[in-house]
Every structure is written in C-alpha cells, then in structure tokens.
Amino acid sequence: MYRTMIKGLFACMLGISSALVLTLSAASAVHASGTIKIGSFLALTGPASFLGDPELKTLQMYVGEINQKGGVLGKKLELVYYDTSGKAKVAKDVVKRLIKKDRVDLIVGGSTSGTTLAVIDIVEREKIPFISLAGSIRIIKPVKKWVFKTPHTDRMAAAKIFEDMKKRNISKVALITGNGGFDKSGHAQCLDLAPKYGINIVADESYNNADTDMTTQLTKIRATDAKAILNFGFGKAPAIVTKNVRQLGIKLPLYQSHGVASKKFIELAGDAANGVRLPAAALIVAEQLPDNDPQKPVLLSYKKKYEAKYGPVSTFGGHAYDGLFIAVEAIKRAGCVDKAKVRDEIEKTKGFVGTGGVFNMGPDDHLGLGLDAFKMVEIENGAWKLLY
Amino acid sequence: MYEQLLQYLITGITVGSAYALVGLGFAIIYNASDVVNFAQGEFVMIGAMSAIFLNAAGIPYVLSIALAVAITAAVGMALEKFAIEPARNASVVSTIIITIGASILLRGAALLIWGKDIYGLKPFTGEETIHIGPATLLPQNLWVMGCTAVSVFLVKYFFDRTRTGKAILACSYNKRAAYLVGINVKKMLLISYGLSACLGAVAGILIAPITFFTYNAGVMLGLKGFSAAILGGMGNPMGAVAGGLMLGLLESIGAGLISSGYKDAIAFIIILLVLFLKPSGLFGKSSWERV
Amino acid sequence: MRLLGLGIFAAVIAILPLLFPENYYVTVVGVTMFFNVILAVGLNLFMGYAGQISLGHAAFFGLGAYSSAILTTKFGFNPWLAMGAGVALVWIVSYLVAKPILRLKGHYLAMATLGFGIIIHIFLVQYDTLTGGPDGLSSIPELSIFGWPINSDLRWYAVSATVMLLSILFSLNIVASRHGRALQAVHGSEVAAETMGIDTSRVKVHIFVISAVMAAVTGSLFVHEQAFISPDSCSFFFSIELVTMVVLGGMASTFGAVFGAAILTYLPEFLVVFQDFKVLIFGGILMFIMIFLPEGLFVGLCRLFTHFKQEQKECLTS
Amino acid sequence: MSYLLEVSGLEKAYGGVKAVNGVSFRVKEQTIFSVIGPNGAGKTTLFNLLTGIERPDSGSILFHEDQLVGLPPFKVALKGISRTFQNLQIFFNMSVVENVMVGCHRLGNASMLSAIFRLPSMLREERLIRHKALKALEFCGMSQMRDKPADSLPYGQLKKLEIARALASEPHLVLLDEPAAGLNDTETVELSELIKKLVENGITVLLVEHNMGLVMDISDEVLVLNYGELLAMGTPSAIQKDPKVVAAYLGEE
C-alpha cells in the first residue's frame, strides 16, 4: 500500500517537474515577430533523404541569399525545418509543431507524397498556405484550398512515358513497382492511364523497397510477351532493378520514372543504366536546351549556384527553389504575410519561370504545369541526353 | 516454368545465404549469452559501409574488405564489453532493449560518419553474366554462395574442433560450470560477439555488390536474420543457416509463383505455421520446465 | 488511499492546460502522450504482469484505427459505431490468434507476434483499394459526444486524458484483484500457477485480448484526432517503441508504463534540435538507462528512493 | 474408511526409459502416505502425473472416484489437490501474502469485469481471500513476514511459504515434494509438527522425502519406488525390515 503510494507520488513529481521544464523552455521561444517564418518538413534521413537533402540545401542557400539582399517586404526570412525521415506519422507531428509551436507563416516542404498527404487535413484546418514538394496527383486533385505543389505529378510522368512508348509502337508493357507511397501512387496512375494510350499492362509485379534483389519479379516478366518494362520507384530499388534487368539478359527497353532523375542513379546502376529512358524536369539537361528556351537562364543560374556550393544538382532541389520563390513572389504581391492574402496570391501565380517549368496556377489548378514541362531523357554513356 | 524455377532458386539461395549468415550471428550470440542481439543487422551495414568507404579511400580492395571485417568485429566486441557485460543481471527483455538501443546508436553513428547517401561496392570479380541453362547469374552470386558455405563450414569447425570453440559451447550449456573448470567466460563472450559481428560483416560485404547500402540498410536484414534463426530453432547455429536459406527460397518462390506484393507476408505466414506445429523451431531442441 | 497516486496525476493533468492553454507541449504533445500511455498500460498488463512479450502490438492499434477510418470514410458509418465495429474486429482477431500464438514462449513468442504484426502491415500497404496503400486514408470525420464536437486541441486533451485516466484506473484495479494475481503468478511460475487452479492459457488469452482491445480503442481515437492514418503509424517500429516504453519505465508497474510512455513521447521532441545527431543520442540514452537501471527508469528510481529512505531511517535509529 | 486416491497401473516412459512402470497404490483419507526411493526412482514424475503436469502413457488415477487422467493441471487443482515443488516454484515477483492469495484462486469466482470496476461482490470476495491467506500464513507461523517481497525470504521460509500456499486452497489432498530438503534440524522438527497438524485438520498428505527419520516418524504408510517400479509398500516399521528395501538402499553398489 505504502509502496504504491510512494510510487504514485513519485511519478507525479517527476511528471510535474518535467512538464514545467518543458513549458518553461517553450515559453522562451515565443514568436519573434519581425521575420517571415517559413516552415519546412523534409525527409532528411531515411530512404527518401536524397529528396530532402537537396531540398533543404536549396532552401537554406536561397533564404540566405534573399536575406543578404534585404529580405522580403523589409523583413528577414526565417527557415524553420524538421526531419520527417519520410514517415507520415512524424510529418503529422512536426507540422503540428510548425503551426502550433513555431507559428510559421507558410509551409514549403513535404519531400514525399506520403508525408504531404498526411498533413493536408491539418493544414486545411489551420489555414496555412502550403506548397508541397511531392509528386502525387492526389495532393492537388481534388483541389484543396490551402495546398499547392511544384513538382510534376506522377500522372504526368506516366502520361509522358506512355506517349513515348506509343511513338515507339510499344503496346505491351510490364510494370514493376515498389511498396512505397510514390511507387504505389505511380502504379495506380499507370494502370489508370494505360488504356487511354492503348497500352496493355501484361505483367504487374512489385517489390519491397528494402529488398536486395528483384531478379525473381523480372524473371516472371521475362516470361511474358512484354515489349518494354516500366519501373516506378525511387531510391536504391530502381538501380537494383536496372542492374537485374541487364543481369538476366533482358533486352527490352527499360523506362524509369522521374524518381531517379539524379546523378546518383547513374552512379549506382553503372553501365546498366545506359539506354534507360525517363521523364524529368529540364534541370538535368539544362545545357542541352535551345537558347531560346525561357527556362534556360533560370536553370543555369540555379545549377551554377548549387553546384558551386554542394555538388551535382538533382531535380528535387529544383522543386524547392520553385516552391520558395512562388511563395516569396506571392508575399511580395500580397504586401503582407496575412495567410489568406498570401494564399490568394499563390493561386494567382502566372508565368513564373521555375526549374520545373513555367507555372500558371489558377483556382482549379494548384500546380500550373503542362505535360510539356517534362522532358524525355535517355541515359547515354553515363550522362543525360535530352530527347525532346 | 522449369526455367523460371531455376532462376528463383538461384535468387533464393543468394538472398538466403545472406540471411543465413545473419541468422548464424544471432544464434552464436544467443548460445553464448542468452541475448537476442537486435543490433545484428547493424553489423551487416557496418561491414558493407566500411568496406565501401575504405575502398573508395584508395585502400586496395582485398585489404579494405579485411579491414572492414576487423572494424565490425571490434564494434561487436565493444558492444559486449560496454553494453552487455555491465548489464549482465538485466532481464532478457531489458537486454533486448539494450541491443535495440545499440542498433539505433550504431545507425546514428553511421549516419554521421557516412551520411545518408546510397553506395555500392565493386563486384569481387567482373560483371559478366554466367548462363546456366535458361537461368543467369553473376559471378558475385557464386561468391555469395561459396563464401557463405566456407564461413558456415569454418564456424562449424571452430565449434566442433577447436579448444576455444568448445569452451564457448561449454559456456552456453552452463556458465558457472564453465567458469569452475577454468574457462575464461568473459573472454569467450567477447569472442562470440566478435565472431558474430564478423559473420554479419561478411554477409554485408558479400551482398554489397548485388544490392546497395545506406546507413539504415541493416534493419531489414537484421529482421530477416532473426526470423531465420527462429525458424531454424534459436540456439542451433546450423538450424539458423538452414532457416536462412529456407527464408530466402520462400520469398523468392513465393514471389515467383504466388504474388510478389505479398511475398514477405507469405514467408511470415509459413514461419508462423511452422512455429504453431513446432513451437521451438524446425531444428530447435524442445525444452520443458523442470519441476 | 490506493488511488492517491492516480488522483494526484489526474489533478496535474487537469491543471496543466488551465495554466498553459496554448502551449504546444501541453495540448498537442500531451494528447500523443496520453494515447501512448493507454497503449503502454495495456501492453504492460500483458508484458509486465503476465510476463509475455508482444512485438506486434501496433497491429491491433492499426486494425482499430483502420476500421474506424475505412468504415467512416468509405461506408459512411457513424464514428462511434465504427469504433465499436473496430473493437469487435480486434476482439475476434486477437482471440483467434491468441490461442495458437500464446502456446509459444520467449523468443518464439516474440517472433510470432512480430510476424503477425508484419503480416497485418503488409496487408495494409498492399490492399490499397480499401486501405489507401502506403499513403493511407485522410479526411476522417471528427468525433462528437452528444452533439459536442471534439474539434480543438483542448477538447482532444480532455477526451484523451479521460480515457487515459480510466485505463490507468482499470489497470490498477485488474492488478489488485484475483485476476491480477493470476497474471503475476503466470509470470512467476506457470507450473505453480496451474497447480493453484489457474487456467494459465486462458489467463494469457484474456489479458492478450484486453490489451489488444485497449490498443484498438486508442487506434480509433487516434485516427479521429489525426483525421489521417497510414501504415507508418502501425509498423513494426511502433510495436518496438511500445515495448520500449514498457521496459524503459519498468515492467509490472502501471505507473512505470505511464512514465515510459511519457519519456518516449517527449524525448524525441527535445532531440529534434540536435538534427542529425538525434538518432545517435536517442540510442545512447536508451542504452544508458537500460544498462544502469535494468529494471526500468521508474521502478529503478523508486527502488533507489526507498533504499535511500531506509538507509536514512537506519542512520537515525542507530 | 474410504480411499481418497486410487492409483492403478500408472506408466510413463521418456524415450525408452520407463520413469514410472506399472505403479498402483491407494491412499486413505486423513493419513500421511510417503513415497521414498533412491534418486531417479521416479518420485517427482509420479507427482507430476498425479497433478496433471504430465500425462501418463497408461493407467488410471481416481480421486474421490473421479478420473484425473487427461485433466490439465488446473482442473486437477480445482478438484482439491495442491502441491509443493522440489525446485521451488515461488512467485518471486509478488509479496508473501500475495503468493498465498494465489493459492486461494480456486475459492474465488469474481469475473474480470467485476475486477475492472471493483464491484462490491468482488471486494467482498477479495476480503475473504485475504482472510484465508492470512490464516494459512498463521497456520505455518509466517504471519510476521506477510508483506515482505517473496524474493527477500531465506530458503527455509520459502519452503514453508510453498506449504502455506498449497494449504490456502483448502485442498483435500496435499502433495509435498521433498519439503525437508535443505532444512536444518530445528526446521525439520517444525516441519514434521506442521505436517501432523495438517492431518489433524482433515487433510490427506502425500509426501516425497529423502529424510528417512522424518518419513518413518510421521508416515502411516510408505511406498518404495526403485527404477520406476514399486518395490515395497507398508507401514514404516514393515518397510524398514524389508530386505528388498535394505538391498536397494544399501547393497548392490
């Protein structure tokens, strides 16, 4: 009896003291007005960290640059960011933290679709302008009042790939995808779009993103009459798929998604990557664009700055560039950081030239990119080659 | 049908070999100290990542592999020395949490040292595809199978024939008795952890050219190794090897013949069914409470 | 007298939001902590008191959560009805798996529960037409009690705190009963418990089902509070986290589980500032606590505390 | 006088070794029936068979003319048979009185729900159980240590605690497995007094013991097992004179 009492008391004392420490430490971090707070939540660790890493670097670099030039509306920008490890559950928690503890003015972030989709409800409820850096079309369709995004959708990627297949007279395709959010969403879009392009999915295999080998699935595909293989995924898995395809001696054209549009993929897959086709943002083939392309100067400038500081660019960092500047332009036009006004201005973004394309948003289009913003790219001798 | 099956077998055995080595590591530590070491998967990652980075730093290929194994063994022994030994009176669950803590710590350290990028290792010998009938494999597949077989054989020889190996076995039967007949129990524990870390490192280095590694690639391999050890019967090292190979084959054949999306589920369902029928694993000794 | 500890705890929880109604750590993280406490207290009955192990507990949380999510968003169920259906489902599932699984002991039991959890997780990821796949389900309707919508942090704080305090009370009640003693007897010696007339397999099944149902209720509340659920929230890692809460606080102590859940909820919130070092530090703290207080933080500290008191007494009397 | 326990043709083999081989005996109510024999004679196996922990290969066990073979241990216990263990099976995670209260388990029937909500019926039952447990402790002379954690007790007290726990269930038959092992002389004397007191209270005792002095002193009947087989059975004085027993214990080595 006495012992349980002591224990109970003890628990409470510890509870109270820890709670007090917590609240005190929180009290010291009161909203320091005078800055414009941009919140961000990115996959800085975990399997999707190759998305979050360049995104963060881009945000940090340009926030620094903007502040050096005097900030926005005479105020400095302040970047508050958290790591989600690519996990939806963590994303939900840190976005709550951004909104309720840090009291940010708007959010640019969400490296993966899963983490973005997880926070849409809370962003809508709390009425914070939010520009997502993730791919899934579900983020903006149906249109959510406060949610925008900058990367091309997985649906656009699928459409672009099927267009290319049609040009090459390929009608039977084997699909292989992972079990992540990006993969699954892309998979759904492929299945949905295929009939519209007269494409027949003859095999539909999947793998676990942590798997070490995909030869089993590819062996099954080899036994079908598919004329091309399409792999929707990111991270190390597409590189393994690419190597396994060559190992099994499969000569079919291999398509990847925009999820592999970074130098890392070529490095990992090595020679096996040659001949792989994928849709990608223009950034990776910036030099190959015709000089009259409006994007070219923006791309080259971003690329130069980023590479001078951090090394090879990937399209993912570019999405963060687009997100940040769409937000900054909107704040400038709104003349204040009033959330509703900023939101309205983001929606009015027209003719903004970013790394992903020329953005023309509207009340029913919170992305504002057309299919032409995607470039079809082939890997040739370990380098990107712009097809069209 | 037949041609595909052969390919599934090759894939299954290759992947299963890695599971077998990790499972063997689990079994050795469990035998020596009754601890289920959930940091076993981290040994795999450390082995592979150190080899990759040492090699990239210009150290000759073979030497970098040897060094990587040595580094991992040192990490394993440090784990025993600084985490397991001070907590030798802790309950089984507490030691499990300690090893889980250790795995998080090692992952965190790997993140700081090697960053978050994905890395691959050059294959041991070339990348020319070898054709066996309708199936194909890489030289590295042969290396994986061969080195696993050699490692398993060496471990078996070590426990059956050498003085130290027998001493470790004695510790696993009865620590007090082993101590009383003059066996240095502490040293034996240290050796077990070192050996088990070595096996993890070997597994990692072997499959590094086939798959790729990141700082958190050890988690899934550790989980599979644990499953292998349980499937075979915890505490029976050769059972763990068999369990690993079976798990690899189950996954590969399950994916090939039933569904690739549910292949892991299929493997786990079969493990559960095995446990329901044989509650102490396939080759485990059944034990009952003595009263 | 018996419930003094709980009473004080309840008072603190009631006062905190009055003092800090807008504080993130109180009204937002607090709710997460309360959910974790319910889960840990439930798991502690099964692990700490009955001496079993479950590495798949998050699956029951997930089944409860997904039942609510699917039934309300896809079939238009009333949230309370959906919660009832989820609880019923978990009741049945946990009862069915308990029978064969609980014949296993130790590491084999750990493996089997782990496998069960992973199978459920794979199902949630793969069966995307129903579960939304890895992206999960969103826009789950809010709960309301007799027309009073639970739609703010403070209201959720009140609701989750109430459920949590009830679960602690129930746990304390179970432990201080014939059934609680049966649990501990199963832990102490299964053979002796049997020869005292305790149907040990039934006791184990019962407590497994109870803790599974507690997890299901929490899952259901969680899903309404978050308005979102994805397989991440009920993965194998969450199962491990729950076990860690129980062990870290100290097994076979209801307040130990409370304490463990509180630490594992708040610690990551603090460690956020360490960025890339947070993983390393978290692992280090976990190891450190378990090495030096293998009985768990709460139980270990209590023991040190009573030890100290005794020594003091001895000093005074001698 | 009727027989409380009737065992006939009991057999149990492990692999090829017959641990118990065709043993039959009968135990009268309110007596002390001892089983002796050299190590490995099958005494503990016999106890395990009687209490349902292990299942005999063949044979029958009648208790109050009910068949016990095939019942799980807890059902055997519910019939009113309790036991102690040679290797202590104390619930070390509980206090002394809680250990004994577990012994009272079969006397209660409050449901889990009534426990969760602490209904009055459950509280009443709980008070009764506590009362009975304290009485059992008192009977064994352990009242003063009731609130101590079980793991803080010395060996001799733990042995007594097992007996107290066995008594608390108000059994008809108690099986004591080597209760005197490890006890000193005074403790052994105390133990024999305790066992005699049990019988006076209407309980039948089945005793496995190596301490011959104790066995011969208090038993009404003694059964000698050797290699799983019944070697002899009779009163203590008859057993002491039996040449087969003397040979088994002293000669042949």
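Descriptive notes on the structure:
Letters A, B, C and D name the chains as they come in the text, with residue numbers starting at 1 for each one.
As a convention for this text, a residue touches a chain if its C-beta (ideal position, glycine included) is under 8 Å from a C-beta of that chain, and two chains touch if they have at least 3 such contacts.
None of the values given here were measured: they were computed from a predicted structure.
With centres taken as mean C-alpha coordinates, the chain found closest to the middle of all protein C-alpha atoms is C. Just to note, of A-B and A-C, the chains joined by more C-beta pairs in contact are A-C.
With centres computed as the average of Cα coordinates, no chain lies farther from chain D than A.
Chain centres here are Cα means. That of chain B falls 47 Å from that of chain D. Chain A and chain B have centres, each the mean of its CA atoms, that are 35 Å apart. One simple way to say how far apart two chains are is to compare their mean CA positions; for chain A and chain D this gives 71 Å.
Chain A and chain C have Cα centroids separated by 34 Å. Multi-chain contact residues of chain B (touching two or more other chains) are listed as 111, 261, 264, 291.
Multi-chain contact residues, meaning those touching two or more other chains, occur in chain D at positions 53, 85, 89.
With touch defined as above, residues shared between interfaces to two or more other chains in chain C number as follows: 126, 191, 276, 278-279.
Of all residues in chain D, those touching chain C in their complex are 51-53, 72-74, 76-78, 82-83, 85, 89-94, 98, 101-103, 105-106, 108, 110, 112, 115-118, 122, 125-126, 129, 165, 169.
Chain contact summary for the complex, chain A toward chain C: residues 1, 3-12, 14-16, 18-19, 22-23, 26-27, 44-45, 82-83, 87-90, 92-94, 96-97, 100-101, 113-114, 117-122, 125, 136, 138, 179-181, 183-185, 188, 206.
Every residue of chain A that touches chain B in the complex is listed here, in rising order: 44-47, 49-50, 53, 179, 205-208, 210-213, 215-217, 219-220, 223, 235-236, 239-240, 246-249, 264, 268, 270-271.
By the touch rule above, chain B contacts chain A in their complex via residues 3-4, 7-8, 10-12, 14-15, 18, 111, 116-118, 120, 127, 129, 131, 136-138, 207, 210-212, 214, 216-217, 219-221, 251-252, 255-256, 260-261, 263-264.
Chain B makes touch with chain C in their complex at residues 30, 36, 83, 86-87, 89-98, 100-109, 111-112, 223, 226-227, 230, 234, 261-262, 264-265, 268-269, 271-272, 275-276, 279-281, 289, 291.
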